[in-house]
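Each of the next two complexes has chain A plus one more chain, namely chain B in the first and chain C in the second.
For the complex of A and B:
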């Protein structure tokens, strides 16, 4: 893949039957020739070369992530509107979230982004499948730790009757209506985020399986790269959720 | 192209920076800076997000087309926020508009 050739050097495209070029940078995965131009086994026929294929895949993933930005963006928008309407209620509600669990989860997720980046790098540098799988499994493990902490936090909120709905204990708050709105947003936003984590972990299980089957090396690692993008995106959402949900009420009750 | 192989040390540095940012944002939250709390908090979060996007997500080494697509996502997010808040925050400023 990293042959240093610009796409224009490959034009005009390969003509069937004529071995125009045999992928200069193509090193791993034994080539299969099926009746025409030899090429990398993972190269699909509607692409000129591996570079173009990688570019299309990453770009496609980014377009999807842009829709995800707008998806979560709608919820951040709702947060902004309701918080600007009831700032005191949001601070009061936020003070009841555990800064310890929230902070720990932020660290765990950042750590998982590091292991994800190293997993991509392992595939990129043709490290043995064991190493690739190791980093991917580490990422999955950290993702599971995150979800485990979320379970503890959620069950605490249920126990304390803070969950919006018929069992919400309005009597314990100064601004019950706004607090209930905050916790509605809290559960929807962190819930949607957790759903993304679950999907991410499932995705990583597939990627780990593929890595174990020696699917990836420096000439082809697009699936690791692209699902890595997804994983990092979910991390970024949390980077914004953490301060907005957990940290706005830390000095509540002192100056207010 | 994402074919660029970043040195491991770069990833560790980014990781350290993200951790420092997290600790910093928690510490700042315990001080009452008024409106500035939000500015600092979101500023740190934005820098962290930028580091993840540029280095962990390899956008730093991606084609310009990818840059444009990524930037467009945040551009439209800002349009969403700005125009919606232009409505909500200015209600009641003019006589006869609903609060």
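For the complex of A and C:
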């Protein structure tokens, strides 16, 4: 490894980076010296130990969620700008969304966050695969209920011609341009959110399969945990979408 | 000791060993090959532009074709060359080695990011081959969503996809720098190249998603007539400009910060001196990343933005010049009284220092609202940002490529040819772009394929310079490629430089380090430094 250019020639102090000898206790952690400490079967070769691997995966998911916040952030910004520019039109449009279906979906998603948390807990405490899979499938089920309700809401809108584009029924509105824009943003925002839900459910299917294969216990449950972070994030996006799209301005009443 | 027989280049042969590799060094080479191809494509469009502008009349291309040429030049160079250039090639190769790690934190995601890049590139190629886009690389609405009769959606999808490759690279770097540092490699022992990439990664993960959603909205408006930016549908085109520049101005710092990281390394190595003001350079990278997010409004001075918003953006634009100036002064102070050797990477670094300074100072002209109104949308702006992107980012990229080429390839290239090409690039660059400052200042607008005859002298100079520049870019391609087959074998440290990357063999083994190194003092110490207290082994 030494090449005749080690810093020691120029610098009498401690030599860095020269792998002459690792401290005891490091020998098992580093590189090709697969020594005394047995590796966890899930440890990837480029990590020193499981702690490092878990920390990297978790931080990676948090950083990814930051990018997701910025992704949805652009949409929220557009929505807020136009909402403040034409509050009457947005309120008129918003009044045609169903608080019942929206509220139900909010409850369903919050409940799915609970089952998700219980799935992580089950893996973390080494509960039997059946229990882990049970909570994960429950989460997938609730996610599917959410999507089903979304289908009902979308088809209602299509039936009533409240869809931007050539089939938009401008005659039924006081501020047709603003209303059409509201529904443009509504379909983009909830559509992207639904896409994230679909990805989440697919992710959960993989996790459920891994759990069934007995891959998770208290020594290794990172995939469940980081997928859970993603699931909670998608829930939280809805927690912002619901009041923005369905609730703001309702208290002005019909006569406003 | 001789380099071990097995290194990352000969450890596995055949297409699959490259296309399915998870080795950050091989992925860096995959990126190197693909960005070189896109650089050639973008260069072709540039030559078409310079050819058309040789004469005042429109004789080479139709106006429509000219619009497509400068649009494709911008799209390819910005999204497929400049943004991935230094991070995805040199950063990918060096960051794990510089911090004493075996790989990036997520090797599979690293490979995925290259495939995403290629997929996005294919969409852009399809858009180019089927006739191109004519909106300008800025995709301004409502022209891009309602009027443009070209392949806007295909190109937009290509950029959208490629954005995710940038996001994944940034994510990988951030997690790697946080979690994969070798024992004793504290934050303030990191090479400045790593600090620069950390700041770059912050911009990548915070900015890129915004351009992604913006492009998605443009595509939705164009394809489905959902009203978002088109005034006819109740939208506001200025909102598009805000969202677009919220990413695209910081994107300039994605291009220049890694180049600054390269210069910090090269200046130390060839002055044989410790960097002057390490922490100032490290923090100025972060300051550029943070303040860089608050200056986008200087692109909207004449777009109907309020005067007060304009004032604030103008002041913030002046402020972002401060950390840039700190870097330039500190590099200069590092060179001062150093034992300077004029090897080819150092020639590129000197080129960078001069050209970046000119580009940066003219940026202050443009950040001043009054002057900006005068030179807005003229060749002055074109010259300014080419001094940053070509004079800064590409000089940094070439300097870094030459500096680390012996490490990457394990071979030494021809130094006389390298020096010659560095000089040719410098001369060709100035000849191309300096006349554009003058042309712009006296009123030549950008993006026109015809111009009044009094601008012809300046344009001929510019086109001649572009030919010289092209020679300067082709030369390295030839002698670097030649060195792979016929160059002398490089020792581990051909420059007598410091840093972990020079302590492992050239080319490095697949695992980088047989045993995780233990770091006991700052990397890159060319002279002993008295530390306040002795730092033990972890």
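Observations on the model:
The working rule: the second predicted complex is superposed on the first by the 214 of 256 C-alpha atoms of A that agree within 3 Å, B and C clash if a C-alpha of one lies under 4 Å from a C-alpha of the other, contacts with A are read in each partner's own complex, and residues count from 1 in each chain.
Everything below uses one rule, namely that contacts are C-beta pairs under 8 Å (C-beta built on N, C-alpha and C of every residue); 3 or more make two chains touch, one makes a residue touch a chain.
For clarity, every value in this text was computed on a predicted model and none was experimentally measured.
In the superposition on chain A, contact of A:113 is made with chain B only, not with chain C. Legend: residue contacts after superposition of the two complexes on their common chain; A:164 is shown touching chain C, with no touch to chain B.
Applying the stated contact rule after C-alpha superposition, one finds that A:77 touches each of chain B and chain C.
In the superposed pair of complexes, A:248 makes contact with chain B only, with no contact to chain C. Applying the stated contact rule after C-alpha superposition, one finds that A:232 touches chain B and leaves chain C untouched.
In the superposed model, A:103 lies in contact with chain B only, and not with chain C.
Of the two partner chains placed by superposition, chain B and chain C are both touched by A:59. Shared-chain residue A:146: touches no atom of chain B or chain C. Shared contact residues of chain A, touching chain B in one structure and chain C in the other: 1-2, 55, 59, 63, 66, 70, 73-74, 77, 81, 85. Against chain B, the residues of chain A that register as touching in their complex are 1-2, 51, 54-55, 58-59, 62-63, 65-66, 69-70, 73-74, 76-77, 80-81, 84-85, 99, 103, 106-107, 110-111, 113-114, 116-118, 121, 124-125, 225, 228-229, 232-233, 235-236, 239-240, 242-244, 247-248, 250-251, 254-255. Against chain A, in their complex, chain B makes its touches with residues 1-6, 8, 11-12, 14-15, 18-19, 22, 25-26, 29-32, 37-38, 41-42, 44-45, 48-49, 52-53, 55-58, 62-63, 65-66, 69-70, 72-74, 76-77, 80-81, 84-85, 88-89.
Contact residues of chain C toward chain A in the complex are 1, 100-103, 105-107, 109, 167, 171-172, 174-176, 178-180, 182-184, 205-210, 212-214, 216-217, 220, 224-228, 233-236, 239, 243, 246, 491-493, 496, 498, 500, 502-505, 511, 513-521, 523, 525-528, 537-538. Within the complex formed with chain C, the residues of chain A that make contact are 1-7, 10-19, 22-23, 26, 29-33, 45-48, 52, 55-56, 59-60, 63-64, 66-68, 70-75, 77-78, 81-82, 85-86, 164-166, 177-178, 180-181, 184-185, 187-188, 192.
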